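Okay, handing you the structure first.
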């Protein structure tokens, strides 16, 4: 039997815990160490899962020659340092989105990653959802002909705390970045221009934090197709995650996932289940598939499917969106090679 | 028994014929005269319906003191003259959209209409569709709370001829104008800004005619809500007419009407009916209701529900949209009183 | 211009009024006379529609040589006499269901109809609904292969009065007879055996009237297919009218018609419209199509599509169902030629 | 840390392997031994999962004092002997359906189980499906009022081999037994009478094996409600598993589960996904939940939710159904205490 892949998890917050529990399903992978500055609050949880090393310093992971790959689940402002250190230590990297809030910093880390020839996967989990994968397949295989219009509806069931909003990098970096990645993924073409209409309609306090909670984002794609994303921080009926690709030969529309297929008919109304509440429920399988894909790329030495470049481009579209919202004008998006 | 309302129809093309046949259902209304420069090609049709006067000169209608109301179904470039003449002759007016291609001309006709105190209804038939009426009701009664996002999907099943495109006034005046009216109708608020992304993806010849066939149109409403319309001149699966109003307490979504509720399951697929093919089928009932509403306003002397002012505003949004598409920038929309 | 078809309506209750108002839409048909023993209560209604002759004696219609066709909308126990008199007078007949409560009487009338060579259509309006017509087409054209199972759900939104129940002939003659006809119509094969499970669950008083309000009726078809009908006198959510044909190559399922296609999403639930309330709304178009079909058969002298024989067979299945319910055993159904 | 629950699996066919792989997910449970007369063909599979003891003689499990519970996944004709031996050895039992083909044998085993006070769960996995659980909840809590009609559609996507059919005990014991259990589970009431219409329409060879492949089964419940099950051995569009509970205050309808929520619109049709292909995909989660429930009952010493008595009753209804099909008459079902 071959040696198991040794993994370290940096950051034991909600998403770090999620990945940890999912990774435990993989018989060929072992989580050697979890590191978090506040590791004490996660110690009981980690021990119950049989994790041997629970540390406060992420460098324990970086400096451990036995560890093959790291999961970066710490706050965004720590990503660059950890990516660079991990790359120099020759470790493969799974990094949560966004890579950073600065294009310059991200591009610098990108150079280091390339020089050290490690694999990097960015955590755009939705690519691994079977519904979106089906829509992408219909677009890529031209079942719907040439893509003309791509529509993404992405609404959270409840807004984050104001406190979180203030350090989130804004709605585009925090929330819409997933939709920007989805737009590129499904369209199979780069976004070249963004125009934003936005407002703070859910909570006016968000405006004081110089952010918005409701947006209509128009996109121009390199291949001539047009796109639009609509966002809200609060859809009271649940997590609303839909996509529609319209083309010269038809359209593919991915509707919301619901819990049961039970329809209730009463003297008042006909009722169906609401969309699954939030991302943990909705993308449960996708979170497992994305790490499976990461491990497979490492074990079989095949290319990563959701790359550093994908992270860079989503981040650039988010930056352009922010500028469009601030200036009230359309803004173009730079390509990596530009 | 009271005297029947006497009506004249100006223009015996597709829409003139449609209104004629619908009006025949109203026992209290009589079509006295139909006028069209090419009346010969419609004579057989008109006689089979028992219409007594089939004339080539619209002035026969304007000058007939017995006629109470006129339906203006002639080409757009004739509207202003006919409106002004009919208003001066004291006749009530039902006028197809758009009123004209010029804001100045439209505002001039508006003055004359007001001075002569006649009723004018503009032919935004979709307001009378039960689905949209329901969505509007949910918005107006705040069942969905405050409106945050309004989305309109409006795609024709097949493009018009290039020849028609060239004299249509462009996609915004010809096609999207219905969606602009719907946006104002459902939102219950004025559109203050428009931004357009457009392209000629269905037929590149349309670009040569200085027009587009595919568009994403972002809207800012006075009440803070945001909107988006997506248009295509060709949805191969049928006439795609959907609307979604999203607010602080929920969302209302009007899906396409289909012919039968029959689902077919085979070894290959599960199939349902496509959307009803085009506007005659889809808005069949709405066309009847709009003229019923017009007649009721005249007979009972109550206010028109789809007014000249509604026509002016839809036309102004269309003009702003055209300017946005030409300049690549967002454009504001003037209010009537501005 | 040819002479209009002259029609007499016998019975001015709910269904007589419905047919009257529908017939007024046909320019080639004129309702000369309406007869009802209680004609006074319908006089105002009849006059407002411009019907010239409003009589109390149905023989006024039978004896009027100008009348070409009669609509028999009087109570079931009068049908036989009127059919026989009308047939002898050479008039074409549209008769509501059931023909009678007695097979002997029905067969006697059948002989007289045949001897006098008049056309008779029985009022199984559902055959003219576009949804069922589509399902039948999928069965007849073998799109679903050979029929294996036919399922009919037929539930009224509210029970009739106990008084009505007592003179209705029982649930099978009054309500299920439509489903028996639909079963033969869609299957394209005769029902050879019936087995009933029934109960009075909606209203125990119905049991005292020796009737039931809830039933599961199993059917054996001559072609080997199996069928089941489920009935209830009260579905609180609306008029539930569905059918499903399952075969060797697939299945066709006709779902309920609803008023609008609007889906409402709230923090409590996702809601859709209930089924259209009752037969007047649900089968509005079908009632018009069935009389159109009748008139066309007369005017063009083509065969009736819903025949006396269809009426006989549905009545026989209803009788067998009643016997099965009373004896607790399966009962076979006699063919007309048996 | 407490000792793990030790489990033995008897039978390494399809269902034995399914349970084995699911049980590996439970950290508190260890599969000590798998026994099957043809264990060699399963040895590689068992070793890859790390199962230590792979034996040919089931008595290895029965006689192993360390084993707490056995899963009986061997052919039906071996169930009784194994149940009796396991019960006498004091082991808890999870037994696949049906318990046996003989009511006498089953009742004898039932006595032995009671005398030895072991827990027995029967493998009616569908009870653990979230859709059916929701429908049952709506019935039990009277959200739909009193139950009037229960409808179950249960159609396999493809027929088993003729060879399997011959030793399956017939369609009612093999396939419908799940539906009989579901009927009792959802109705919360005993079935008192059964009537069957059946035919061999999928494959006439099945008739030669004295069996059928298509059936309509009417059910009378003790509480007055009525039920119907329709079965086919071959639904070419997929595994069709639906249920509908109709009552005095409404109805609950569980539709099929599908793979993705993607709708494809083309110039030909609107297409959705077919039902999940077969029981492994459709009841994937339910199979995991049923063993979780079994383990919880043992570990916490709480009552089993799907009991030996449930197995007896489903078997008796299956026997009554067979008799009804053979005699063409309704047949009553005996209660356990009768």
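Think of it as A, B, C and D in the order they're written, each chain with its own count starting at 1.
Quick note on the criterion: contacts are C-beta pairs under 8 Å (C-beta built on N, C-alpha and C of every residue); 3 or more make two chains touch, one makes a residue touch a chain.
For each chain, UniProt lists the protein as follows: A, B, C, D = Inositol 2-dehydrogenase.
Just so you know, these numbers come straight off a predicted model, no measurement behind them.
By number of C-beta pairs in contact, A-D leads over the other of A-D and A-C. Distances between chain centres, each the mean of the C-alpha atoms, put C farthest from chain A.
Averaging C-alpha coordinates per chain places the centre of chain A 41 Å away from that of chain D. The geometric centre of chain A is 59 Å away from that of chain C, both derived from CA atoms. Those residues of chain D in touch with two or more other chains are numbered 235-237, 249-251, 265-267. Taken in their complex, chain C has these residues touching chain D: 145-146, 148-149, 151, 153, 155, 193, 195, 197-199, 201-202, 214-216, 218-220, 224-228, 230, 232, 234-237, 240, 246, 248-251, 328-330.
Those residues of chain D whose C-beta lies close enough to touch chain A in the complex are 130-131, 134-135, 138, 143-144, 249-257, 259-267.
Listed in rising order, the residues of chain B touching chain D in the complex are 235-238, 265-267, 269-274.
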